[in-house]
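The data blocks that follow each hold one structure.
Below, chain A partners chain B and then partners chain C, in two separate complexes.
Now for the complex of A and B:
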């Protein structure tokens, strides 16, 4: 008990030094928690944007279709298919299934005036599309695609690029299934601004009936079946189980993570980066603890000698130093966690305007506007415990060094 | 009955390749209840002798018996246990633990010595602080005490566990004559009523005057051993300025 009391009071003996090192540990905890929340927010929002606007929880298509799209970035029309009832029933029977919409994607040049621009044309079934995607909720002008409509819905950036407004004319130039050039013409029916910057420039929406006819495909042809699930977390597991059920049928099932492998890789890189920053901070904190304890041991040589003369064993003196280091870790960890709670609290409730701090589009991230952090309460606990353990581990060598001093030299060191 | 027996004790310090002898074949016996002062010039081996009989260091050659047990054969932990229970130390620079109050500094020694009951240890520590004249100052930290008060706390800390032996290395070196005399009177009083054995190492004529037995040490050898003196007789007669007067007499 007395050793604890001495260790506790020693903490405040050089309180500026204690605060400096605890402050470094606090900063490590705070920066990590804040960065992690920010990073989780970025990837959470990015994946949500991908799910809501680009590829939902699960996508089913011909295996060759995915392979060709990956190979030459062209949309392979010969790999389209007409979904059979058995397949649709199997999908609808998935646990957590919410909605399904067929999509027919193809590549085209968007032409207006003297200019053209390569785009992805997403031919949609207007009745079911809103059950899976949210693009139609982000209309800034006009209306969304309707069945049999000849109009097109384009992104706001593309509209700006061509100086188009709802009601203006457009032309889509593309190759049909046979390789012959064809066009679709009509009015720009609506303009959307979705929080997925890339889609505002390179994706246009048309009605599937109209597109299928122009591409020389049957009315019911689709390139992919897009499925919305109740829960994002179960998507990968369900995609795997559906993939298992469809094995040998020529179909491939992909979850949103499979279709956004760039983002998944970026997520890993992001975490490596914040762990690297954390290690740097902790290294500085750890060196701080070591130097503080070495200084403390040098300042307290006579005391250590006296303690030995009183009959304290080396292990007991080591304990005094370890408890002192743990105290610094506790102070730094607790302060970091408290400030982390406040910081992450702000980030999750008020958010940050991304435009002020970065250009997500330049980074290739599917997000825009306000970013909100995410909570990961386990990180608060882990970081707190980790910092305390680190403080204690860092102090082991200086503590043994201090406690191993010869009592005679220690007492008479002056 | 003998508390300490030293047989041909030698202590040699190694400084690089050079051997520096600090004690050269010391034979000495110290009985229980003695009030002994070891004096001699700097570097004569006084502190080395105290370190060896205080189980803080081991002899290079020869044997030291404490209460009949040979110290050279004991492990570091056994020596630590011996110091806990049977030996009290008083140092020139007090060596109090600055983060503990006067009472806690005294109680700490008692707790280390094995007294588990907090009430008992606190009561005893208070009593001892009162005996050394520090009643009402129990809650002061060392930086709130004068040099004399700190040394009184150190005396209380050394005595609280009722050790067989108290070793005091230059206990008055940082104190004025009046305070030195007060502290020595306290120790003498303790020696009388607790029968604790005291061994001092000193240059101070006042401390020498208080000793019943005087051991002179020169070049690592005991050169003089006077026993049966009346402690403090001269200094009480001459007052607190005894040291200066004694110095003056010496010069004359």
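Now for the complex of A and C:
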């Protein structure tokens, strides 16, 4: 207790210096917590947007189909298939299964007026599509496609590019299964604005019946089966188990993370980046602690000599310095955590308008509008403990250096 | 000015040039016999198209040409030099753009592969999949058009639908429908073939569903050898787009051109 009192008193003998170093540690904690919340928000929202509008929790298709898409080749119409009941039953039997919808994707040129633009055409089954995807909830004009409909639903960006409104005429030009050009034409049935900018420009929706016939495929042909699960945490595990069940069948099962490998890589890069920033801050903080303790030791040489002369052991003097460093860590960590709680609280409740700080589309992120942070309470605890430990560890060498002074030399060092 | 020599052969012109002159006409092989106007009463569509094929076949050639792309009020001109050779089965061709803006851009056709080289890009790009549907250099010609180098008579069934007059020229109207199982860009085509000169004067290209996609009209024909007529200016219109057309004009053609060894290869393009 006596040693603690000395350490506590020493902590505030040079209070400006103490606050400066604690401030550095606080900044490290605060920046990390805030950036982590921001990053988690970005990737949570990005993955949710992918799941809600592009590829849901699990996708099943022919392995060769995925390979062709990955190679940036044509979406292979010869790799479409007619789902058999056994396969559908197996999917519906998955734990956490919520809904299933077949889609038939193909590439086409959207033509209107003087221009054409390459798009992905997603041919959907209007009855089941809303059970898996949320695109139709984001209609800003007109209505979504109906079964057998000759209309198309396009994104708002594409509509702006072609200066189209609901009811205007469109043409889709594409190559059918035999490689011959064919067209679909009709009215723009609806316009959607989803928080996934790429889809607002590059994807259009038509009825599957209409598309299959025009592509020279059988009515029930699909390119992928899209599956929604109860929550996304289950997706990878269930995708793996379903993949195991379908091994050797020519089918491949992918989770939303497999289908968005760019985003997954970006997520890893993002975390590497914030950990790098954290290390930089902590390095500065730890150098600050070392220099503060060295300075303290130099200032207190006589005092250390006196303590030794009074019978304090070397380990007790070391303990005084370690406790003093721990105190700096506690102050910095606690302040960082408190400010972090406030900052992250603002981020998660008020959010940030992404347009003001970055261009998500340019970065390839499926985001738009307002971004909200995410809570990760374990990070608060971990960061607090880590900063205290770092402070203590950083002080070990200077503490031993101070305690190793000879009492006689220390008292008469001047 | 067109300087023709010796023999007639298969012509191909990598998307531009003669390639698209009536599509069919350009792509076919055949015996290199000059076809003269004659009494063809009782002929069928295939025989007429065979005559057209024969009339356009080039074994090897060098061609200087230009492409004028009109998009409403805007007009862009692209100049190019093409080299092509064919043994009747495999056609290889190189097109190099020489106008200042596109100088150094090259397209290489090796049978059924199409490669592109941009001077600013580090790597060659092989065009495939959906890219082939795009208009070549912003024109009304698609890359897919360039790839159809097989004999049209092998790909289509022809039917003579009648005889008409087009721009004061007697023409045969021939309907071509893709043969069962053949992979063709246009399921159906209609040709208006000059009944005396065996040049396609007009062609319509249809989607499988029956919608007309493109129209090509030959606006100038020259006799490059005695009795051998050749289309040297044509206008292609993508009918799905409004107010656009592309004029293709052959300024100079040298037949039986001695193409340097390895010139038509990926290595040379690099």
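In this section, the second predicted complex is superposed on the first by the 413 of 414 C-alpha atoms of A that agree within 3 Å, B and C clash if a C-alpha of one lies under 4 Å from a C-alpha of the other, contacts with A are read in each partner's own complex, and residues count from 1 in each chain.
The criterion applied here is as follows: a residue touches a chain if its C-beta (ideal position, glycine included) is under 8 Å from a C-beta of that chain, and two chains touch if they have at least 3 such contacts.
Just so you know, these numbers come straight off a predicted model, no measurement behind them.
Superposition of the two structures on chain A shows chain C fitting alongside chain B with no clash.
Once the two complexes are laid over each other on the shared chain, residue contacts for A:310 go to chain B alone; chain C is not touched.
Shared-chain residue A:408: touches chain B; no touch with chain C. When the two complexes are overlaid on their common chain A, residue A:5 makes contact with chain B while staying clear of chain C. Shared-chain residue A:92: touches no atom of chain B or chain C. Applying the stated contact rule after C-alpha superposition, one finds that A:214 touches chain C and leaves chain B untouched. Residue contacts after overlaying the shared chain place A:13 against chain B, while chain C stays out of touching range. In the superposed pair of complexes, A:175 makes contact with chain C only, with no contact to chain B.
Contacts of A:111 after superposition: chain C is touched, whereas chain B is not reached.
Between the C-alpha centres of chain B and chain C, as seen from that of chain A in the superposed arrangement, lies an angle of 140 degrees, given as a multiple of 10. Taking all C-alpha atoms of chain B against all those of chain C in the superposed arrangement, the shortest distance found is 68 Å. In the complex of the two chains, the chain B residues touching chain A come out as 47, 51, 54, 56-57, 76-77, 80-85, 89, 91, 93, 95-100, 104, 107-109, 111-113. Within the complex formed with chain B, the residues of chain A that make contact are 1-2, 5-6, 9-10, 13, 302-303, 305-314, 406-408, 411-412, 414. Residues 72-75, 107-109, 111, 113-116, 118, 171, 173-176, 178-183, 185, 214, 216 of chain A are the ones touching chain C in the complex. Contact residues of chain C toward chain A in the complex are 71-72, 128-130, 133-135, 144, 178, 181-187, 205, 207-209, 211, 213, 240-244.
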